[in-house]
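Structure record follows, encoded as structure tokens.
Labels A, B, C and D are assigned to the chains in the order they are written; within every chain, residues are numbered from 1.
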């Protein structure tokens, strides 16, 4: 690292604590606040947000930055502070980075003349998270089935970032992988990557043969009718956020085992996920000419 | 195939002849014209373009559709016909598909009230072609080096469609693969796919270690200065179209072996490439509601 | 299955119960005894060992066949029977198969004129178990580290069955894999399989870079001196049986995290492991001309 | 390299010349004789065999060492010398290494009290050659078919060194790979490596689906009956030495395209093959305590 930056990190869980330690290890000066329960974080200085923000070149908030009440997300602290109070501590030219900042936060920042940016919208972080999610999904499949992935038959529904990385990992583990997609371009990618391709609209005939079915599509692709076609002992792993892609109620009634796996990156690979946030923040600073 | 279509194919090389045979094998009715030298193509009827076009549900022109003089590209025929004359034979509601149609062709078609579409602009065909190109690049690397790819060190410059598929194939063959890109998102993909990542702007220190350097970027990334860093015996394979990405003159002077590999899909895998055109035409017809 | 066989299974855990169900599903007649706690096993008949053995074409004992006191291994039963009593129930021409039969069992069988064979000595079962062990080791590495395997640095010590399959799986998951071996032939295999090779005797310089170190060698290759070179946060996973290959005491003192992973096949993939026993028994019967 | 050795190389083709250059590059002293047509080989000294052998620590003969008449194999020289004359030039304690030495050569060496060893019998060289052969076979398949290996169906007959490495490479290129073997252990390896397994005795039903069939078994597994089942356009590649494993006459009559690919390592990867000989010679010297 050619240039030393002063970072102020406020709030967040152990992933944020590890991010702080990594930045310090890279040679930067790191202030932490609202993280008392993390204990001493090597190479960092625990100071008040007020002091930290006034001196820092860059403020980093956690992922997600706010809790459901709009307060700074502070699982490692007993103190509370609202988004607005926090933003008022930031000098005008100091960039503020955080994850899932939300519309209200962005508006407040703009009113205060601050440059806030949501690092969770950055493509490179989405890809790194998809890699960790795909690996976590492989782990869950191993844990939740009494068979080896090697020589098993698996279906991956959806061929976006996660579907792509997951299919490749499953194939590499020796599984016979079919991936489904709707768009001709994605179907072409599936074939180009050496997997069997099927249109999502017509995957019914395949369901009875699959040992594990992974869903990555945020829409109910595995409805009651399709769930009824899953073979006895077959496991469904839902990686889709928000409403999920599996009718859980129907699955329970039909006796199909379903695992809804959310927020895998932070859970299965907090250090790699922290490193991905760090890399993204570096990219943001580089583009701003700070680094 | 649930529905029988009448196809009229005019012009093109053996890839087009194979496309005709494949469509016939799928159960469709296929007219061919301007392909006399191909001999009899199983399952097809050789008739005049006039007769064929007037009866067909769909006209398919070759890739590229026209020669440099703007005439139909007819390497398998001694007859010549201009784009305009040809288009005048097409009934108004019959769709016309061809590869690299060009602006002038599209304008003529529009003036005549015809629906022409360039299948070479379709993403699924680009991906299938990238897969064939990547495989052809692996073949060339094997042919042009006295070493095995297994245990070799290779660099892939650029991480678009071809760079992605090529890196994966090289890694799978046992090479130690570094891929370069400019955008943070592409660098994230490289890491997520298990390769070593480097920014294209700073790949100099790596050049001396590489047994093979593949370029996929259509800009002179391998200039004289960089070529002078390539190790003795190192081979450069340029997959970039148009001006290419290697300074050929400098390479010749420096004694660096360079292979400029263009149009690989039709050359190394004409049948797979023909099948990709067929699939794309089917998609076009499906979207139009014809199939 | 062209021919119906009468199998008598006695003792064992749920893996044995699943083996019984699989044999029944293949169309064979299956007697089970000493497995009361398994409940009803679909397609099988629970009868006394006396009745079962007298009618069966083949007797299958569990893996391991005996407990430490030399009695039949019966975790699913409250009844006990000695190896000798059990063998006296077997008609002279009925083959007896079991896992880890041991010298004393074999001698008793020979005295009684019986043909007993240890299926655990069969190469195909060892390979199938190695595949399940390798997959289980990948799972443990995922569970026990806060990083993704993708982009991690891992070392596999020993390149026998497990080392070979494990290295391939780790590489496929995106890790940078170094494997070590002593014999030139194994080092050649490592290179041929696209991994970095190092002699086990000289792996010290690599230790500080490894995120995970897997040992497959049943001798103390990871002694105090080597453990002291492992990087902070590095994890050691020992897959070697008997004494293990890691000095656990030294590791505890040095603060190196060690996981001793034994008997993985039955634990992480009981169904696949049961199927592997079934396939091996079929091979034994085929070679005997019974199947 | 901690110790400098004096090597005397006599005879051989360009692979031997490259071996000489590699040894010199490693810092050793290298004498070459019977290689005049190779021109000057960097770092080596061209002297008479008499002078070279008398001073050397180790004599290296080519692969194969002798021609069909029992003379030193000297394609790069116009001079001739018999095996016996050559051996008479070697001091008693100087080890002699060569490839395919043959019985008569070994006997002569023994009579003269010399320590001769055939490096071609070493397992590590066989494995390195298998890797080069497998890669060459992939290259031939790419060159000889009008399709991409990606998404093709291929069969590999025999699962020894070559079959194993070839299957893995084909799978990695995106092909759907079935491998055949006779022994249960090899069938278990096929499954453990994530390929489809079939017994060689019963592969008939699969033949009609295969785009490419690779044979590695040195016995006529592809006889007239089996060849008649190969699909139109299917290609057979024979990698088996000696009599080969395909009935060439029947194939010609049936119109099945067959390529008999022999001696691939020296042809497709002379440098890697030369390096493998060097590594093997180093191992031999190390075991003798010379290195």
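Just so it is clear, a residue touches a chain if its C-beta (ideal position, glycine included) is under 8 Å from a C-beta of that chain, and two chains touch if they have at least 3 such contacts.
Note that this is a predicted model, so its numbers are computed, not measured.
Peer 1: If you match contact pairs by residue number, which of C-D, A-C or A-D shares over half of them with B-D?
Peer 2: Of the listed pairs C-D, A-C or A-D, the one copying the B-D interface is A-C.
Peer 1: I want to compare two interfaces, A-C and A-B. Which one has more contacting C-beta pairs?
Peer 2: A-C
Peer 1: Just curious, how far off is subunit B from subunit A if you go by their C-alpha centres, in Å?
Peer 2: Centre-to-centre distance between subunit A and subunit B: 36 Å.
Peer 1: How far is the middle of subunit B from the middle of subunit C, if each middle is the mean of its Cα atoms, in Å?
Peer 2: Whole-Å distance between the two chain centres: 50.
Peer 1: Spell out, as numbers or ranges, the residues of subunit D touching 2 or more other chains.
Peer 2: 131, 150-151, 173-174, 191-193
Peer 1: Note which residues of subunit D are touching subunit C in the complex, please.
Peer 2: 122-125, 127-128, 130-131, 165, 168, 184-185, 187-189, 191-193, 276, 279-280, 283
Peer 1: Touching residues of subunit B toward subunit C in the complex: what are they?
Peer 2: Subunit B residues touching subunit C: 150-151, 171, 173-175, 191-194.
Peer 1: Can you list the subunit A residues touching subunit C in their complex?
Peer 2: Per the touch definition, subunit A meets subunit C at residues 18, 131-132, 135-136, 138-139, 142-143, 145-151, 169, 172-174, 268-272.
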